[in-house]
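Going by the order they are written in, the chains are A, B, C, D and E; count residues from 1 in each one.
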Amino acid sequence: GCQKEASSAQQGGVTAAPGKSQYFPLQSYRVGPYAAGGSGFFGGFIDYMQLINAQGGVNGVPLSWAECETEYDVEKGVECYERLKKSADGSPTAATNPLSVGIAYATLDRSTTDKIPLITINHGRTDSTDGSVFPYVFPLQLNPYSEVSAIFNWIGAKAGGLDKLRGKHIVVLYHGSPYGKETNGVIDTLAARYGVSVDKIEVPHPGNEQQSQWLKIRQINPEWVILRGWGVMNPVALKTARKVGFPADHIIGNIWSNSEEDAAPAGGAAKGFISITTHPSGTSFPVLQQIKAQVIDKGKGNLTDPKRFGTVYYNLGVVNGILNVEAVRVAQAKFGKRPLTGEEVR
Amino acid sequence: MQFFLEVLVAGALSGVMYALVAIGFVLIYRASGVFNFAQGSMILFAALTFVNLVERGVPFWLAFGATLLLLIAAAFAIERFVLRPLSNRSVITLFLATLGLSYIFEGLSQIAWGTQVHALDLGISDDPVSVAGLSLSSFDIAATAIAGSLVVILALVTGKTNLGLSLRAVAADPLAALSIGLRLERVTVIAWSLAGFVALVAGLIWGARSGVQFSLSLIVLKALPVLIIGGFTSIGGVIVAGVLVGAGENLAAIYLGPTIGNGVEGWFAYGLALVFLMARPTGLFGQRTWARI
Amino acid sequence: MRNILEVDNVEIRYDQAILAVRDITFTVPEDGFVSLIGANGSGKTTTLRAISRLLELDRGRLTRGAIRFDGKDIAPQSPHALVAAGIGQVLEGRRCFLPMTVEENLRTAAASLRLSRAETRAALEKAFTRFPQLADRRRTPAALLSGGEQQMLAIERALVREPRLLLLDEPTMGLAPQIAETILETVATLNRQHGVAVLIAEQNVALTLRFAHDAHVLENGAIRLSGTAADLLHHPEIWSTYLGLPTTAPAILQAIPA
Amino acid sequence: MASLPAPISVAPSEPPRAGAIVLPVAIVAAAIVPFAIGSDYLFGAVLVPILILSLAGLGLNVLTGYAGQLSLGSAAFMAIGAFATYNIHLRVPGFSLLPAIVAGGFVAAAFGVLFGLPSLRVKGFYLIASTLAAQFFVPWLLSQYGWFTNGSASGVITAPPLTLAGFDLDNPAGRYAYTLGIVAVLTVLVRNLIDSPTGRAWMAVRDMDLAAAALGIPLGRAKLLAFAVSSFLLGIAGSLWAFTYLGTVEPAGFDLDRSFQILFVIILGGLGSIRGNFLGAAFVVLLPVALSVIGGAIVGSTLDPALLENAQKIVFGALIIFFLVAEPDGLTKLLGHALRTRSSWIGLTKPRQLEQP
Amino acid sequence: MAAPQTLAPQRDDPSCSAIALHDISLSFGGLDVLRDVSLDVRRGEIVGLIGPNGAGKSSLLNVMSGFYRADRGGVSIDGTRLDRLRPQRVARAGVVRTFQNLGLFAGMTVLDNVLTGHALHGKVGWPHYLLRTRAARTEDRRNREAALDALASLDLQDHADTLVSALPYGVQKRVELARAKAMTPQTLLLDEPLAGMNPDEKHEMVSAIRSARDIRGTTVVLIEHDIGVVLTLADRLVVLDRGRVIADGPPTTVAADSAVIAAYLGTRH
């Protein structure tokens, strides 16, 4: 009983015949400490799906979705998973995208049991890259391993070759959450391989105060600081770095420390800050222009603040939407142009 | 040694910023015996309102005044709809009610002003400056000065003045306070308005430091041990406690962290508070629980 | 003589249900000294708090009738307005501001009445002459005083400015006989010389009736008997319930005017 | 007295005898009814968390509602229970899940006593220093040392499949039955304890510790026992949370918000009431679901979801305040009133007479 | 806890001494509250303790019951001198007190308040209660019977299930006495148990106190300002003034003592 009402409550998308759409449960977060990231990402994701629907769906199959607020909280995420995993009108479920390592972990076994793909874009368990361990888990784009090695490669390139890294000193400043710690193992491996000495320093959630961490960094005086931040931890890191006099251009933000929301509040302190990314921010891309024309200008945009159109988190959401939708498209090529089950999408 | 001193002093300075948050608690606790957990979300509310006004082109002082007016209005509403109906209830009930309040403040601020992160520039630079050979942040020094003067002013206003006496009397026994002609509502509104003012100042300083966004409401967790060590009732006490906590936490993170693990500062202050409580069960400057039989 | 207080057919309930007081009617003249007598739970405290509008904190409410102070209905007035208009009250059970010192307790009362510095000083002086014992303890938190000392403080707190109507709820509870007597004498003097009207609830009936002009006996929230003090003192029912106890014989001997 | 962090005075306790009939009936009902109407969602996402939160509420109620010691660290003891169970089950041969859960409860109880020690000296709001220390220290400890999580890089542990005596209970209904069994047994035991000299000693300490001392009640022992029993129950609740509800858990899942949630359970349900825990837990679990349903129904999907979410927050906060104002003794009392009025309508009992003085 | 030492007999027979104070002095921040107070309360005696407000009566009771620690001097209970007196120990030694400002458990019913007093005599451990063993059930039943008896003796049986906080002040005072009596103490220390009562109500209380002594031989120390009550009830009167004992003897003699009249009834400080 509950389930039906709950999911229909916030169901979005086009009105299609019951059971005839491709359904995406969205474990989103728009309040709480990480609301900025969540609302940007899911805003982009939803706008992209609206675009697809405006263009007639995926091969004629419209997309539908329902949202449930997790506040980036694992338990809430699980509850949302259970609540939303089946659509209200019987449309088959394509995949879940919790955008949280913690929630991803928690729903991993369930995803396998329920045969619903679990998509983790630019994050996720290191061991999920190998599809045989968790057949229903898909880390898209970067995974912890590729992310860290990209950073090492970049540092190596700066230094004039990976072999030049030997003896260098790096500090990893990471968010005290499953996500933050996820790469620690990889970093150790790579550090050992390249002969880099690494200090890993944790910033307790949410990261409002980093005085001592940065004093310590200044004392260590490393060549580079890898910032594996999330939410408020990022601007505070940049500001505190400035305060203790650590140069921003020797801080490398990872994929979750690269948004406008991370740099802008730090103001001048962010000048020179480097971060890796899988997609640029900006609004000039064709797909964004299409979204603007067909979704936002029609007043259907999901963002409360239109200024955030084209920001990193938004664009990541769009990219995530593209990848999800393309997955459906690929699967349709194999199984036919109809709403597919999670098993088929996989 | 130089490094040690820098850690110590930088910690002490940021401890004063915790104290800034803790004063809000003390004001309300002194005046009504209410442990106001909503202080953190009041800070969020104040800072978000202010920064959004400024971003819409309102001049600094006008925005400041407007936000303050809003907070005073909130004080009236809280008195009327929360505290008055709950008068004479147990302290734990009142505490829970302020938890409810904090949800309302958080929801309201985010509905009104959205969830994105705002930069706030108070025009105080955050570059390291050298003081007596130590490298310190000029922002910290300015913040300390602001907090210090606030404490002095508030301590004077709520000390031996009539207002101070009224605040304490109402907290001690509301019925008796009424019987001698004190205006319960007015005293409560004044206390909450003062706390709102402190929240605004704290919100600006913390907002300038870490950006104005949701996590501002979480600094109460840093302020609580300061409040406990200082004693719930002493305005001056929180400054001393703030310095102790800030310095202790910094030292612990730097010197203890490597041996027992990262992130000790998450709980260290509470451990410190416990140690102080063992020696003085009502904090350094807290009112003794005068009990007679 | 005008009535400063009129209690007119009053009914009071707690929590909208518990009927504590019903059909109570009496008056206090401008120079009156009226005593309320009654067993535990008969409604004395409830009546006194209704007059100064202090019932709301205990979820009590006037459900019928009216109370007029100075000819004006008290219902629309706030407690602080009533104090400002001249009602002074000593609450049952002392209720000092425990964490505050003796002097701060008195100063707070002065502050709420907006007394000037000189007036405040004079009021403190007067309090400390009446109870020198309090003077010795002026910087002690009220919580540490003995029971009787707290009672003295509570009385002085109500007298900081001479009220026009003084409400006393068991002011002599826990006081040594001599102090109890002094207090009633003080009150009687205020009444006689300064025209302060007095409404007092007392368990020490013998003592009160020596000073009161009129008295009302409450039983189960209603007035059972009324009359002048002298009449009641010799009323057989009063004698048997409130006075005529062998154990209290010495007190009675004191009470009956020679 | 209000300015002193004085002993917490709370709502009057429900006379324990009143539950004598209600409890068995409730247990039987809980054991039968859901299976007739249950869906996976009902079991997995509604009933199981309600039961576990009720148990946690029971634990906190022992400490705060009955013994009067305010605690903001309930989640820490849940975490200890969960991770102790996990490690005992994992490392100690011969410990199947059920004994491991019980053992986890005992480990939590030991920590409860440890963090309860300051209560021998510190009172009122000052005591939150101790429980908050637990709240921040325990999850830190658990995530700091890989041993506790068996080396899981991100500190997340995964529960083994649920079986009991060879039966496979690893499905929502099975999890529900398992949880219900444990919660029912513990509720009965706690009820017994509350209605005993021990329970009365706790309440005496809560209401006036000096008078309790004058009656010869050993204050320290009573408080520590309350901490132990409370943490035992919380520890078990934590294990169940990890093993029968989520199937996985990370230390950060037992954060301050969880502690507040449990505090809400007992405040809304009623301090010093056993039945209240179940009402409070049901309320806390169902309210957000109900709000999103109602919110969605009113405004449909046109509204910005963040707005809806924040509006829900406001409603939740306002409801908390409303309940505190309307009925200080919690839902138990409210339900009591409601039932009384109802039964008087249908003529079961005479309308309550106004108390005549 | 220091080992109890035996004290040399004070008066003729130490075994007759229920509770004794030896040269007790107590001060708070320069204020001398008690000065060299010695007092020997004998078994089965009712001692009236009177004196002006602030004389130190309650403080004396607090010292006897372990709530205040004397600066000098000591206390013996049943002839055994206890150096570090603690409230719990005193209660377990059979000395039970009431409080000037009420020491009831406001959130509990009248019956539960009285039952709590019985905790002292419980022999059955909490694990039994946890499992509701036969032993626990038997003890529980017996306790309830005794508690109801105690309530009946003060005419409180109708209030058994009422929360004490909902009772008028005078009734609460009665509950406190009932609770103390239900503990079947050897010694009762009562701090103004009759305050705020009318003579009728005082009369009931007086009989209840007297019956405790007459039936069980309970020793009573009673602080009371109503001199009439004290004169009829007490076997012996002790007068305290400014922390000193100024008179100690049979009521009639003491009441006639000029120093007492001056301190208590006549002059004021």
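One rule holds in what follows: a contact is a pair of C-beta atoms (placed from the backbone, for glycine too) under 8 Å apart; a residue touches a chain by one contact, two chains touch by 3 or more.
Nothing here was measured: the structure is a model prediction, and the numbers come from that model.
More C-beta pairs touch across one of B-C and C-E than the other; that pair is C-E.
With centres defined by CA atoms alone, the chain at the far end from chain D is C.
Taking each chain's centre as the average of its CA atoms, chain A and chain B sit 34 Å apart. The centroid of the Cα atoms in chain B and the matching centroid in chain E are 47 Å apart. One inter-chain figure worth recording: chain D and chain E are separated by 41 Å, centre to centre, where each centre is the mean of the chain's CA atoms. Annotation for chain A: residues touching 2 or more other chains are 30-31, 35, 39, 176, 204, 304. Residue positions of chain E touching 2 or more other chains: 58, 67, 99-101, 103. Residue numbers of chain D whose C-beta contacts span two or more other chains: 1, 3-4, 9-11, 140, 210, 306-307, 310, 312-313.
For chain C in complex with chain E, the touching residues are 37-41, 92-93, 132-133, 137, 144-149, 151-152, 170, 173-180, 182, 203, 205, 241-251. Those residues of chain A that touch chain B in the complex are listed here as 30-33, 35-36, 39, 176, 200-204, 206-209, 211-213, 215-216, 219, 231-232, 235-236, 239, 242-245, 261, 264-267, 269, 304-305, 308. Of all the residues in chain B, the ones that touch chain D in their complex are 29-30, 32-33, 35, 81-82, 85-86, 89-93, 95-97, 99-108, 110-111, 114-115, 168, 171-174, 221, 224-225, 228, 232-233, 260-264, 266-267, 270-271, 273-274, 277-278, 281-283, 286-287, 289-291, 293. On the chain D side of its complex with chain A, the touching residues are 39-42, 44-46, 49, 140, 143, 153-156, 158, 246-250, 252-253, 257-258, 289, 292-293, 295-297, 301, 304-310, 312-313.
Remark: chain E residues 65, 67, 86-88, 91-92, 96-97, 99, 103-109, 112, 115-120, 122, 126, 129-132, 136, 140, 161, 163, 165, 179, 183 touch chain D in the complex.
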